[in-house]
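Report on the following structure.
Letters A, B, C and D mark the chains as written, and numbering starts fresh at 1 in each.
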Amino acid sequence: MAVFESLREAVATLVHDGDTAALEGFTHLIPFAAGHEVIRQRRRGLTLVRMTPDLIYDQMIGMGCASRLVFSWGGNPGVGSLHRFRDAVQTGWPLPLEIEEHSHADMAARYQAGASGLPFAVMRGYVGSDLPKFNKRIQSITCPFTGEVLTATPALSPDVTIIHAQKADRKGNVLIYGIIGIQKEAALAAKRVIVTVEEIVDDLQAPMNACVLPAWVVSCICEVPGGAHPSYAHGYYKRDNAFCKAWDVISRERETFLAWMNRHVLSTADFAEYRRSIAADLRVTSNA
Amino acid sequence: MPETGYSPTEIMTIAAARKLQNGTVCFVGIGLPSAAANLARITHAPDVVLIYESGTIGAKPDVLPLSIGDGELAETADSVVSVPEIFRYWLQGGRVDVGFLGAAQIDKFGRINTTVIGGTYDAPRVRLPGAGGAPEIATAAKEVAIILKQSKRAFVEKLDFVTSSGFIEGSSGNQQAGVRGRGPTTVITDLGIMVSDPATRELVLTTLHPGVTVEQVKETTGWNLRIAANLEITPKPSAGELSALRDLHARTVAAHGCTGCPE
Amino acid sequence: MAVFESLREAVATLVHDGDTAALEGFTHLIPFAAGHEVIRQRRRGLTLVRMTPDLIYDQMIGMGCASRLVFSWGGNPGVGSLHRFRDAVQTGWPLPLEIEEHSHADMAARYQAGASGLPFAVMRGYVGSDLPKFNKRIQSITCPFTGEVLTATPALSPDVTIIHAQKADRKGNVLIYGIIGIQKEAALAAKRVIVTVEEIVDDLQAPMNACVLPAWVVSCICEVPGGAHPSYAHGYYKRDNAFCKAWDVISRERETFLAWMNRHVLSTADFAEYRRSIAADLRVTSNA
Amino acid sequence: MPETGYSPTEIMTIAAARKLQNGTVCFVGIGLPSAAANLARITHAPDVVLIYESGTIGAKPDVLPLSIGDGELAETADSVVSVPEIFRYWLQGGRVDVGFLGAAQIDKFGRINTTVIGGTYDAPRVRLPGAGGAPEIATAAKEVAIILKQSKRAFVEKLDFVTSSGFIEGSSGNQQAGVRGRGPTTVITDLGIMVSDPATRELVLTTLHPGVTVEQVKETTGWNLRIAANLEITPKPSAGELSALRDLHARTVAAHGCTGCPE
């Protein structure tokens, strides 16, 4: 049953060194605030899972939280490359980063299998691709009825999944709308679930067939307004494109990256203070 | 602006847009493919169905999305579904006519590399973003069009890594793997258009953009490019096409601060 | 692309003798009007597919439309047995009815596989059950990663799926809400799709993540107000429980069944006339 | 109404309701199981989570549904999902604590027949509705409770057909099949309560309803029923339980014209 805690308490109790952690969001509702708290609490040896690792994973990798990355596309949407991710893969800074690489369709199917209590997923995948040569978790399976050979990959079941949503009600039921991505599957596939929300309301006012996570599948709910910045929260604020472009410069060199992270993340107590810090410093125009 | 009155990127985008017929179901990659697909939608193909892998079906954005999952796509879509649903029911389900993709590197068969350049897979010289949706788009879409500026770095004899192919070499390979699409059939560049030979799958230069020479194309292609016997010339962009594209970019810059496309 | 036609035209052109036909609906939005039109046009040799065959399948079976039934639960919800279904299975009247029987979870997974372009579905099913002994379409498959033995069943891909929905817009986009059941999967798994709707509107006013079938996956849309009666259409009318109870009596004997079907279905031109006919005759109180 | 002040069906329903603890996630069958589960919800277990296979999660109906998919369930649910989702993400996903089922026939292991009675499978004497969700509920729920009136026709030595079991005979069978639940653990009848022996899985009579004798139970059980050493007696229905159940049925009759439960 969902409890209501501060993000600091939630990360302290539910995210452990060495965990397989999925901070999901498909270009929308990215849990930046939660990622920063994981960095502040200096988690180490995490296996980070995400279909689309972007700035927050770049930050977690650059700050040494991760030893492994399971993913299907890593970049700064609309801007370009992730310099910290590249540095870790290309030169092993600050730590060697083992990577396990799949396609989007595969990662989505793996989360579905995890949510469905199945050990593997079946798909039509990777025809002619080199990826299976470098990833032993991509195997084949034969249809017992047609003899067709298809792709099989193992279910994803994170120790902890962290997502950001628009609303929770006071019982802890969560509403996600707009581009809902893979969040429901990632949450249902995980042993523990942290949800940061824009606001806690009396009534979700969810349409009948909306994407709702009932309180009893959520471990902890944290109210963190603006917690997806610089990504966006449909109905609340737009993506901060200026920040995403600025990140390309900030993250290019290790020194500027470390200085920025120390100043704005490690030296701030929480996300609200972080927002004030970057606003004052970078004049980042946030639409939050 | 060159004296032609349009830029190489503009004619590339317009030539790509012209390939989309009205009513086609198009699975759209971000950047140039998205610009071309939306240009088609606001010009000659108002009923083209644009699907983005973020789960937006029938998106009709007024400004170009910077990311594959911009809110504008959700607000203008006929339906917004989950990411697993878009890949399983809509792409793998065989409902997509054409996949519109970009790439970092392609080879003479239109195979794509977006994974690593140089070095080895484990220690690459340059680590690229990775596969995203491409491997299954290339397989499940009835055909794939690739939009990419020409350069010897991008059009290579041998890919450093085959991220996405869409076919298996050998005649019966595809049948065995249950591939139903034709794979990469068209590559639209800033210099012309290449079409794959149905027999060998090798790309053949079939069209030059106005004022471009075969030599220019050969010089920017990393393999010994086959040239069609009778080369066609791309009709010049119409005033309507150019103004529609420029207005689209202007609206996008006004909304986002940039076009989201390489210039 | 969806065309707008009368239900008579739609059934005439899209439902053929010998087809595998799924008239789906999970206790809600059952396509009764469409089933009646199939009976009127005297289709024969159909393989009828449905998770929950109820009154309309009882009628189609009793009128000799079906030679085969693929299903997981057959009954008159809240009332009891389907007498015509029983008569066909137990005594072969009016025709022998071959049955292929699965569980709900299996049928749902088979429709999903059909909608997903996969030849088979994987599930944890039938532990200790006799059903696999009598249904060779229930096979086993071994996980290539864990060695677990699971159940595999073949994809369902009907020649034609017929569903009833609340609304279509003038382009042919369809909105279904409330208990959405298996309709989306059944439609996406089929070669041809007929959708009867309560009304055609200018704007669906669908919530962003609602269950919407785009016009281009629908073959034909027919406006048939009340077309789900005696089942219900959320937001339009309630189930006609009195009719469901009356059916238990009407259908018990072959003679009363045939007389009723001849009088109200075969002797009426369309669903509107049928509704008037039963209202006048049975004093069925419909909430439509 | 017998002089006890309550009917056998009423104490059966109330005894079943008492088995549901507050906060339990219950996958509910239609009819008596639904009546018992909702009685629990409106009495001692306000936070019980009721899931119906129609896709309604956290349903809180004010009147009993006549079908598994009544609109009342959707209107009062926390979430309404598709049928494939309810079976895959919610049931198979291992999120259900207890499955509440009815049956036509059960055997001494709590296995269920809802398929055929008499004759052969292909030519049965009586064709029953079939499996529905039962085979996977019996496997995926952490445990299963069955609610069924006693009679020699219903409680049989050998089932005509095993529709739903929830376990495989033999110690390692379940592990091999990836079964995580305990299968049928409790049978609540109009005469008493049977609980399965964890070692042999055989049902043992552990509780009698007030005024019921062991002989009555044995006479209405088709196998040589094991009796617990120290039998318990079901506490009599409280005035609150009876009035809550009768009000629930009264509201249901007012709405639907019947209770949807056998009397």
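Everything that follows uses one rule, which is that contacts are C-beta pairs under 8 Å (C-beta built on N, C-alpha and C of every residue); 3 or more make two chains touch, one makes a residue touch a chain.
Quick caveat, the model's predicted, so the values are computed rather than measured.
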item	value
Contact-graph distance - origin chain A, target chain C	1
Pair exhibiting more inter-chain C-beta contacts, C-D or A-D	C-D
Distance between chain centroids, defined by C-alpha means - chain A, chain B (Å)	28
Computed distance of Cα centres, chain C from chain B, in Å	41
Multi-chain contact residues (two or more partners), chain A	112, 117-119, 123-124, 148, 150, 178, 180, 184-185, 208-211, 234
Touching two or more other chains - residue numbers and ranges from chain B	74, 80-81, 88, 92, 140, 178
Contact set on chain C toward chain D in their complex	26-28, 51-52, 71-75, 77-78, 81, 85-86, 89-90, 101-106, 108-109, 111-112, 123-131, 134, 148-150, 178-182, 184-185, 211, 232, 234, 238-239, 241-242, 245
Chain A residues touching chain D - in the complex, by the definition given at the top	1, 112, 115-119, 173, 184-185, 188, 206, 208-210, 212-214, 216-217
Interfacial residue positions of chain B with respect to chain C in the complex	23, 25, 49, 57-58, 74-75, 78-81, 88-89, 92-95, 140, 178
Of all residues in chain D, those that touch chain C in their complex	30, 53-56, 66-71, 73-74, 80-84, 87-88, 91-92, 111, 115, 119, 121, 123-136, 138-140, 161-169, 174, 176-179, 256-258, 260
List of chain A residues in touch with chain C within their complex	117-120, 122-124, 137, 139-141, 143-146, 148, 150, 152, 154, 177-178, 180, 207-211, 234
